[in-house]
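Same chain, two partners: chain A is paired with chain B first, then with chain C.
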Partner chain A sequence: MSTSLLQIDDLKVQFKTGEGVVPSVNGVTFSVNEGETVAVVGESGCGKSITSLSILGLVPSPGEISGGTIKFGGKDLLKIKKRELRKLRGNDISMIFQEPMTSLNPVFSIGNQIGEVLRLHQKLDKKQALNKAVEMLDLVGIPDAEKVVSRFPHQLSGGMRQRVMIAMALACNPKLLIADEPTTALDVTIQAQILELIKKLKTDFNTGVIMITHDLGVVAEVADRVVVMYAGEVVEEAPVNELFANPKHPYTKGLLSSIPNVDQVVEELGTIEGSVPNPLNLPKGCKFNPRCPLATERCRKESPVLEEVGPAHQKRCFNV
Partner chain B sequence: MKFLIKNILRIIPVLFIISLIVFLLVRVTGDPVSLMLPETATDAERAQLRESLGLNDPLYIQYFTYLGDLITGDFGESFRYNQPALGLVLERLPASFGLAFASMLVATLISIPLGILSAIKRNSFIDLFITGGAVLGKAMPNFWLGIMLILLFSVQLNIFPVSGTGSLMHFVLPAITLGTAIAAEMTRLIRSSMLEILGQEYIRTARSKGLLEAVVVNKHGFRNALIPVVTIMALQTATLIGGTLITETVFSWPGMGQLLIQAVNLRDMAVVQAATFIIALLVIISNLLADLAYRYLDPRIKYD
Partner chain C sequence: MTQVKEKKKTLLKVTGLKKHFPVTKGFIKKETIPLKAVDGIDLEIFEGETLGIVGESGCGKSTTGQMMLGLLPPTEGTVTFEGKDLTSLSKEELRRLRKDLQVIFQDPFSSLNPRMTIEQLIGEPLKIHGVMQGKQLRNEVIRLLKTVGLGEHHLKRHPHEFSGGQRQRIGIARALALKPKIIICDEPVSALDVSIQAQILNLLRKLQKEFKLTYVFIAHGLPAVRHISDRVAVMYLGKVVEVADRDSLFEKPIHPYTEALLSAIPIPDPTKRKEHKLLEGDLPNPSNPPSGCRFHTRCPYAQEVCKMKDPELTEYHEGHKAACHFPLQQ
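Presenting the complex of A and B:
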C-alpha cells in the first residue's frame, strides 16, 4: 500500500453559540493515502463537512478547532503559519464544494477564476494561465473550452459549473482533493459523469481523494475505504467491499438497509428510527444508543471506543 | 452600444413628459401677467402683454410653441436678470457639478474603506465605532456641520477659505459638509452589502484557492458588493447637482440650488422652468450612467 498522505488525529471542532458550546466534531481520526479515495459518510450534521473544512482551515465562524492534529506532508496543518497554509490551499490540497451554482463568483469569467489559481501558485502570466485553463476545461470534458473560458458562471448549467469547479481544483495538480458532496446538487446522469471524472483523475494523477457524501451509491462507485460518522464521531471504518459485505456497527447496517436494491422486491425500505441527536444535548454513553436496536444498559452509561474487528476494519460498538 | 442607443432613445419620451410638467407648473401657480407687471399696471397694458406672450391662445397651441422653443434651446428670458434663462442655469452648472463631484469623492473615499473594514471586523469595537460614527454623520444637520467646519478650519486655523469659489481649496469644506451625510449612508450600505457577500459560497471557494484574505475581500467580495452601492451613488449625485441649498447658502456657493430658490421666490418662471428641466435631464443621465456601471460590474445583466 502507498504512503499516508493525510493523517487526521483526534480532531475536535466546536461552535461557540449563544446557547452554549456545540461540539461538531468530536475526536475524529482517519487517514488518506496517495491515490486512494476515502469516503466520509453520514447524515446531515454529523460533522463530515466541518471535518473537511478543518483541513484547509476554512471552518466558518463561530466554529473553532479545539484539539487534535492534521498532518500533511509531515506538517501539522493546525500549527503552520497562515502564509504556509495559503500556499497549500488550491495548490497541494484543493476542494470541490457541494453547490456548483453558488460556488463560483458570478462577476468573473470562468477563465479568470481558473487562471487565478495558476497565476497565484504556478506564477503563470495571464496568457499562460488562460491557455492552461482551456487545457483544464478540456480535461474535465467541457466541449468548446476556448469559448467557455470567456463565459460567466450564469451562462453554464449546474453540471458544467461543477466541471469548472473540478478543473479549478485540479489546475495545480493537487496531492489531495477534498470533494464535499460534489454530486448532490446534480441530476443523476451528470452525477455519474462527474464521479467517472473524479475516478479517472485519481488514477491518472495519483491524487488522494476525500469524498464527503451521504449517498452510499456514490460510495460504492468511487471509494476505496469508507469512514462512517455519527454525531461528530467515527463509528466505523473499513475497506469499501468489506463494509458493504460485512457492516458491523448498527448505524452502518441501518444506512445500508435503507438503500433500495434493484434485484430484490422489498415491501418497505429499512429506516433508522429517531433522528440525529441535538449536538447541544448529546445522549450519555454511546451517542447512537437512543436509536440503536441493540442498545443495552452499558451503552447508556459508557462510551465505546473505536476497536479493530478485522484487517483495516474498525467499529465503535460494544455489542458486535 | 445597442444598449446605449436604446437607452438614449428611451430618454426622449421622458423629456416630453418633463417638458409638459414644467409647462403646466407655471400655469397652475398663478397668472404670469400679474406677476410680471407692477400692481399699478392698467388693464390695457395687461391685455397687451397677454397678447404678446401668446397667453390667449389655446393651451395646446401654447404648449407646442413652448416645445418648439425648447428644441431650439430657448427657455425664455429671466425677467429679473433680463438674460436667457438657460444661460443663467448653465452658468451655475460647473459650480454645482464640481461640488457634486467633490462631495461624492469625499463620500466614496470615506465610505469604501470604512464600510469594508466594519464588515470584516463585524461586531468588534471598530465596527461599533464606525457604525456609531455613521449614525452621527447622518444625523448632523448640514448647516451646523458647515458652520463648525468654517469656524474651525477657516476662522481658527485659517487653512481653507470661508466661502465663495475660485480655487480647489474652496471646494474642501463644502465637499466635506455634503459628503459626510452621504458617506454615512454609504458606509452602512457597503457594510451590509459586504456582510451578505462575505457569507456567500464563492468567497469560501476563493479562500480555498489560497488567495490572500485582502484579495478575497477586495476582489471577490467588494466587486459584488458594489452593485447596490452604485445605485445610491447615482441617486446622490443627481440630488447633489440639483442643488444643495443649505450648504450653498452657508458657503455662498454659486450653485444651482441658490439660483433655483431665488427664482422661485421671485416667481422668475423662465429660470424655474429651465433649471427644473436641466436638473431632470441630469437625473436621467446619472441613472443612465448607473445602468452602464451595472453592466460593467455584473455580467449577469449584460446577457439577459
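Presenting the complex of A and C:
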C-alpha cells in the first residue's frame, strides 16, 4: 500500500464578486498517493483549476479559501506561514500550466529560468545551476540541450516550451506535480510526446501527479484514479478502469457517451442537455438535476452526499 | 457507398492552390521571404458530402478554407464553385455567390458583434442580400432559431447572455440563413466543452440531412472528424499528404504521417493503453520547409530519395490517394 502524499478535505473556495458570492469549490475531498496519477476531470467552470491553485496558495483575488484542509507531509498547507509555503513551492510541489508562452518570462534565457529554481531551493551556484539545467532539458527530451539553455522562450515552439516548463517543474525533484491542462494547447503528435514524458516520471521518480483535464482520452491514457467534478463538487471518484467500465453518476455517463471515438463510429453522439449552470445561481438540491435524465422530485430538493458504491468508488447521486 | 459517390457531382474544386504570405525579416537589411502556408493542393468536394481537413497548427488548413470561401485571394491556382472560378470573378459577382458559400468560425465569442441583438445578427445576411424584410424577416429569423434549437424568446438578447454552445448555434443559424449549398466549418467545436461539442456535432449532422448541405469540416481533433466526415484530407506543411474515404483513412492509412497522427490520439478506454508511435521533433518552419518530402525530417521510414524528391499524390485504391515514396499498404 503506497503512502498518502496529499490529502484535501472539504475544501471550500469562494469568490466575492459585485454580483454576489460564487462558491467556486464547494467541499472537495480527495487524496493523492506517492507515485500515483490522479486525474481531475470536468468542464469549464467546475472548479478543477481553482482546486489545484489552492494547493499552492495561488487562488487569485477576489477568491478566498473559506474552509477545509490540505495536508501535505503532515502539515496543513492552508495554515503554514507564507515563508514555509514558498519553500515547498517549486521544491516539493510544482505546477505546469496550460499556456507555456505566458508562464515563461520572455526576457530571461531558458537556462536562467530553470536555474533560478535550483539556485533558490538547492543553493547551487550559477555554474552548477546551468549544468543541472542542461541535464534537465536532456531528460525531457530536448535535442541540443547545450544550445537551448541560452535561447529565449520566443525562439522555441509550443511543444518545446511545454518541455521547458516540465524541466523547470522537475528540477528540484518534486514529490507532487500538478499539471493543469498540460497538453490542451498542443498538437496531437506533441501531446503524445508530453504524455509519454509524464508517464515516465511516475515510474522513474515515483512522483505523485494531479492531472487536470477535460479530455477523457488523456485521462484513460495516464490516470490511475479519476475524480469527476461538476459545479464545484466531486460527483464521482473511482479507479480509472472502473470509471470507464462502470460509471455510476449520470454526469460521468453523459460525458463518456458524448466523446466521439476514433475506433467506433456511432450514428449519433450521446449528449447532456443544456449547459453548465451559472455559478451565481446554482440549482437547488443536486446541482446536476436540471440536466439529469434521471432527476426526481427528491433531487430538486435535497443535495446528495458522496457515498461508497464499490471498492474505492464513490458517487454523489440518489438514483443509482 | 463508393458507387453512389461516383455519380455525385463536384460542387467545389481547388486546383494547384497556393498561398504564400510575404514575411519581412531583418532590421537593417530587410528581406522578404515567402511563407508557404498552402503550397499546391488539389481537392474536390462532392455535393452532399462532408470533407474533413485535418492537420496540426500551421499546416495551412484554415488558409485553404478561407481561399475556398473567396475571402483570401490565392497566390496561384483556382477555386471553382459550380463551374465558376472564384478568382476571376468581380467583387460584385463574388458577393452574390457568397449566398451559396457560408462559414462557421471557431470562436463564437469573437465572431458575433456584441452590440447587436440575436434578431439583428441572424437577420443581417438576409437584409444585406435583400432577400426579405419586415415581418417576413422576423418570422424567418424565428424559424432559423428553432432549427438550431433556440427559441423566439432569444430574439432580443445580446451575445453576452449566451453560453459558448448557444453562441455557436447562433453562428450556425447565421450561416444557414441564406440557404447555402456549402458551409465551411473552421474548427467549429474546438472551443467548446465536451458535452457541448457533442450537441453541436449532432446538430450539424441533422442539418446536413435536412437541407442536403455540403460541409468542409476543418479541425485538428481527429475523433470529431471521423465522426462527421465522409472523406478526409490530411495536410502537412501546406500540402495534402493523404486523402481517402473516412474508413480507409482511419483503418488503413497509407502515409506515415497519417499513421503517426492516428497513433497519437489518446483513446478514451484505459484497457486499450498502447505504445504510441511517437514522432520525433516539432513541425519544421513553414518559411523554410525541408527539401524533397516535407515530412522526411520526422518520418521513421525516410530514406535518401525522400530528401531529394517531393513525392506526387498518387492513387492507390479507388479514391485513396497519398503522397509518399514508401507507402505503408498496397
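What we mean here is this: the second predicted complex is superposed on the first by the 319 of 320 C-alpha atoms of A that agree within 3 Å, B and C clash if a C-alpha of one lies under 4 Å from a C-alpha of the other, contacts with A are read in each partner's own complex, and residues count from 1 in each chain.
Methods note: a residue touches a chain if its C-beta (ideal position, glycine included) is under 8 Å from a C-beta of that chain, and two chains touch if they have at least 3 such contacts.
The structure presented is a predicted model; accordingly, all values stated were derived computationally and were not measured.
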| item | value |
| --- | --- |
| Overlay on chain A: chain C relative to chain B, clash or fit | fit |
| Touching partner for A:275 - first (chain B), second (chain C), both, neither | second |
| Which of chain B and chain C A:218 touches, first, second, both or neither | second |
| Which of chain B and chain C A:258 touches, first, second, both or neither | second |
| Which superposed partner A:33 touches (first chain B, second chain C, both, neither) | neither |
| Contacts of A:58 with chain B and chain C, given as first, second, both or neither | first |
| Dominant toucher of chain A (residue count), chain B or chain C | C |
| Which of chain B and chain C A:99 touches, first, second, both or neither | first |
| For chain A as apex, the angle formed with chain B and chain C - C-alpha centres, to the nearest 10 degrees | 80 |
| Which superposed partner A:157 touches (first chain B, second chain C, both, neither) | second |
| Which of chain B and chain C A:240 touches, first, second, both or neither | second |
| Chain B versus chain C as contact partner of A:143, first or second or both or neither | second |
| Chain B versus chain C - smallest C-alpha distance in the overlay, whole Å | 6 |
| Contacts on chain A seen with chain B and repeated with chain C across the two complexes | none |
| Sites on chain A touched by chain B in the complex | 56, 58, 60, 86-91, 94-95, 97, 99, 102-109, 116-117, 120-121, 152, 154-155, 165, 168 |
| Chain A - residues contacting chain C, complex | 43-44, 143, 157-160, 187-193, 195-196, 214-221, 223, 240-241, 244-245, 254-263, 265-266, 268-272, 275-276 |
| Residue ranges of chain B touching chain A (in the complex, touch as defined) | 200-202, 204-212, 220, 223-224, 297-300, 303 |
| Of chain C, residues touching chain A in the complex | 56-57, 163-166, 193-199, 201-202, 205, 220, 222-224, 226-227, 246, 250, 260-273, 276, 278-279, 281-283 |
